[in-house]
Amino acid sequence: MTALPTTVSRKPVRWGGIALHLGCLAALLVMLYPLAWLLATSLKPAVEVIASLDLLPSRLEWSNYSTALDGVNDVSIWRLLTNSLLIAGGAVLGNVISCSLAAYAFARLRFRFRGPLFAFMIATIMLPHHAVLIPQYIIFNQLGLVNTYWPLILPKFLATEAFFVFLIVQFMRGLPRELEEAARIDGCGPFRSFFQVVLPLTRPALITTAIFTFIWTWNDFFTQLIYLFDPDKFTLTLALRSFVDASSTSAFGPMFAMSVIALLPIVLFFLAFQRLLVEGMASSGLKG
Amino acid sequence: MTTTTIPTKAQPATAAVPKRRPRRERQGPAWVFLSPWVLGATVLTLLPMAVSLYLSFTDYDLFNPPRWVGLRNYVQMFTEDPRYWRSVVTTVTYVVIAVPLQLALALVVALALKSMKRGKGFYRSAFYAPSLLGASMSIALVWRAIFNDGGTVDNLFGTGGWVNKPGWALLAVALLTVWQFGAPMVIFLAGLQQIPGELYEAAAVDGAGKWRQFLSVTVPMLSPVLFFNLVLQTIQAFQVFTPAFALSAGKGGPADSTLVYTHYLYDRGFVASHMGYASAMAWVLLIVIGAVTAVLFRTSRSWVFYASEGDR
Amino acid sequence: MPGHRTKGFCASAAALALCVMLAGCGGSGESVGGGKVVLRYTWWGNPDRAERTEQAVALFEKQHPNIQVQTSFSAYEAYKQKLATQAAGGDAPDVMQLDYRQIDQYATGGVLLDLAEQKAVLRTEEIDAGLLATGRLDGTQYAIPQGRGTETVAYDVEAWKASGVPLPGKSWTWSEWADTMRALAKKTGKPGATDPGWSEDSFEVWLRGQGKSLYTKDGGLGFTADDLTRWWTFTDKLRREGVVSPAEQTTQLDGSVENTPLGRGEAMSDTNWDAPASGYLALIPSGVALAPMPSGADGTPGQYFKPSMFLGVGANTGHPKEAAQLVDFLINDQEAAKLLGATRGIPVNDSVREEIEPQLKDFDKTIAAYQASLEGTLKDPPQAPPSGDNALQTTFQRDYDQVSYERMSPREAAENYVTEAKAELRS
């Protein structure tokens, strides 16, 4: 079947386009079905949240949302939102700056032990998070930084997420060297060459880094749980869990409502950067 | 944007000229670029790793000082703990199911989006949407409702519930991961966008059809990104925790069928307070992942193509 | 050149601004206290408990203007982990809520303060001696029980009546219970109860009914593989007959009432602790009643009043006296008790309990009446379980899963469990 379109000229291509759209729409329907569940459940009365196997609620329980909007434990939802944004924003900034710096060194510069250090950097991606958790906690505790946002943000400024370093290295390796060489002949040192030539070209990778960092930090529950105690420093993700408790009655309805609310900022962030992603591609200098 | 002023006129420069003199001076700038990473890697990675390696040879309950026990944790793990081996089998099964499925889906969708003229942004956002969720408690509850007795899947296919059947539950967990294929998809898309249009034009001039172009341009040019995704997803799959944990309500059931490696590690370390044992488990995992990655890197030489190195 | 300067400068300026902002946020927690003593008090619970606790803490702060209390709570599983990490880092809070299963580990790990040192401000005379002893280890009082609960058979009253099977009475033995469940299953076509085989708690009740116990006084295993084999054979048989819930349902229990067979409307009754049983009411509005747990063949009761939670003081606290005052307030103060109600179980302080019992509302009243009906008939609670129990509870459920999915015989699974338990308790 796949061989056909090459031989015939017009029509099959258009049919192919329609088939493509239909296929994508069908796939989307399946993909988004659980999201519909999430939305529908956030409006279900308490009794139906767990027990009911129907998608649609018997009646719309808007009070789930008003309960969720009241915040948790005397902390307003706006405060929780601000906290989440602060942490995610700091993490994005940290990762973009520190990872691109390190990546440039690995991808383009020469220094002693580059091979072993690169291998070590890759190895840290494999490190199970649980293995270093306790020692890290002890370190931050010694520094008196527990119950601040430092343990959540500082590591990002120190390029500890080797995943992103690797990502950017891979991108930089794919860039043609000619541009940099031209810049070098014009007298640019490594710093200027990095900021003026390589960094703009790497923009797609940096935007990818920013998006992933934002989403993953936003959804990260474990680290926030360990390092933050004061309810007014809590994030939305942490507050979410306060609705559910095995040892007494849980508030599943409001929890779902708050999950939906917590989803909004990431959706907005993602949509906003969507456009930048495309723009970043267009201006990356590769096509022209 | 400023870069458009620098056209690709670099060819005349001979590669030999800038070689000799700058070599020693170049070290300095490199270390400036590296300094944040070096600090982080030493204090937040290397040091904790060393501590956890030490702990793996001790009996440590978090409260009392660690007691040296030599290789006992490792011996116990390999010879006296059937649940450990069950978790190994479960994890390997999971990796084998989830990684190819997720990558294939991400690649197919990315290719479909690339050849699409209109609505690309919409589809990209929509396909990414599930990945915005993470594996939160809410999504685990939704998943359980869909894959339970009388749930959507049961109604459609008459298979009964999946989450409560030992043979099926792991598949439900894997599907939760596969469903969130947004990250590899975006990486594929970015990779596809980076392939210079001239290559396709040149191929078309040479008379290559769409399929031929795909094989001789897309595949080799995308191979570094494919490799990157493969390595990363494999590493992450070996460390899978949240979906399996959330979907089984922290139990790894039914009948241990979704008790993955890191979940068992977490149980031994944080529930049973055997931090020494857990550290030993973590180190074995690290070594296994390291070996698997090394194998992937080795095979990559035969199928991954780097533009800049290919030029030389 | 200028381009690179600007960008680099912007980045570092942004980083610097962020640092300042963070430092500001970080420091504020400590500095607000001014000249006051600042205590950190953490607990697990839900928003309702949080609201009432905040009110009580506000009252405490009013009574003690020199003390400021920083509170923090999370759900149980999350809390357990956070506390463990904090304690391991030498950073336990001043006052912490503890579970029965945490006492041994935290006490032997040197995390908890000997409360006898603060006798002057922390009164314990009005707490039942047997109950108080559960917070004691090797003669040292490490924690004070805050509320008490006991196990119960919760059931759907209307559905049970409709089936025509006589309602449970004041007591029943395990075999009478099994017969009743059989009758229910026959009449309704649905299981009579949740399979109790998965629950270490139910097993303990069964064991105590025969005069045995889960653990010996010195923290060893108090039963043999034979005992466990008999228990699992008993429940396995009921499950095969369809008298109790099938494996597919039992395995989905996650501690929430919503996911029990009773909560889903797939069984008539459930064994659970009395406090969370109030959750059934939202799911079965027609009414839920509480029956006692079955007893041994000779009528020996297996259930007991268990401290639902404890309060302990961190050994490293800078303010032991103030911390003890807060504990005393939460346990003994009449006004505090009025605010707290029964959110942490029925109060352990005898006079406080008598005082607030008439004021209890709704299901709290049912629970108080249920507990009152058992008063004087139960045996003393066992001492706090050894720290290995934390892990064994999970192992117990996992091994029974192997039985109920028919991957192992009760004998095999029991042998496995006992081997693992002995290793766990030895280390």
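Every chain is named by a letter (A, B and C) in the order it is written, and numbering of its residues begins at 1.
Rule of thumb we're sticking to: a residue touches a chain if its C-beta (ideal position, glycine included) is under 8 Å from a C-beta of that chain, and two chains touch if they have at least 3 such contacts.
Remember, predicted model here, so these are calculated numbers, not experimental data.
Visitor: Classify the chain contact graph as line, ring, star, complete or other.
Guide: Graph shape here is complete: every pair of chains touches.
Visitor: Look at the interfaces A-B and A-C and say which one is made up of more C-beta pairs in contact.
Guide: A-B
Visitor: Measuring centre to centre with CA averages, how many angstrom lie between chain A and chain C?
Guide: 36
Visitor: Measure off the straight-line distance from the CA centroid of chain A to the CA centroid of chain B, and report it in whole Å.
Guide: Here the centre of chain B sits 14 Å away from the centre of chain A.
Visitor: What positions in chain C touch 2 or more of the other chains?
Guide: As it turns out, chain C has residues touching two or more other chains at 3, 77, 81, 88, 254-255, 259.
Visitor: For chain A, give me the residues that contact two or more of the other chains.
Guide: Each of 49-50, 97, 134, 157, 191, 194, 196, 241, 244, 252 in chain A touches at least two other chains.
Visitor: Which parts of chain B, given as residue numbers and ranges, touch two or more other chains?
Guide: 2, 62, 148, 270
Visitor: Mind listing the chain C positions that touch chain A in their complex?
Guide: Residues 1, 3-4, 7-8, 11, 14-15, 18, 21-23, 25-26, 29, 40, 42, 44-51, 54, 70-78, 81-82, 85-86, 88-91, 93, 254-259, 263-265, 275-276, 278-279, 282-283, 308, 343 of chain C touch chain A in their complex.
Visitor: Considering only the defined contacts, which chain A positions touch chain B in the complex?
Guide: Result: residues 2-3, 5-6, 17, 20-21, 23-24, 27-28, 31-35, 37-38, 41, 49-50, 53, 55, 97-98, 101-102, 104-105, 109-112, 117, 120-132, 134-136, 139, 155, 157-160, 163, 165-167, 170-171, 173-179, 181-185, 189-191, 194, 196-197, 200-201, 204-205, 208, 211-212, 215-216, 219, 221, 237, 240-241, 244, 252, 255-256, 259, 263, 266-267, 270-271, 274-275, 277-278, 281, 283-288 of chain A touch chain B.
Visitor: For chain A, which residues count as touching chain C in their complex?
Guide: That would be residues 46-47, 49-51, 72-74, 86, 90, 93-94, 97, 133-134, 137-138, 141, 145-150, 153, 157, 191-192, 194-196, 199, 225-226, 229-231, 233, 238, 241-252 of chain A.
Visitor: Would you pull the chain C residues touching chain B in the complex into a rising list?
Guide: Residues 3, 77, 81, 84, 87-88, 105-106, 108-111, 247-249, 251-252, 254-255, 259, 387-388, 390-391, 394, 397-398, 401-402, 405, 407, 416, 423-424, 427.
Visitor: What does chain B use to touch chain A in their complex?
Guide: 1-4, 6, 8-11, 13, 18, 23, 26-27, 29-31, 33-34, 36-37, 39-41, 43-45, 47-49, 51-52, 62, 109, 112-113, 115-117, 119, 121, 123-134, 136-139, 141-143, 145-146, 148, 150-152, 179, 183, 186-187, 190-191, 193-194, 196-197, 209-211, 224-225, 228, 232, 235, 238-239, 262, 265-266, 269-270, 275, 278-279, 282-283, 285-286, 289-290, 293, 306-309, 311
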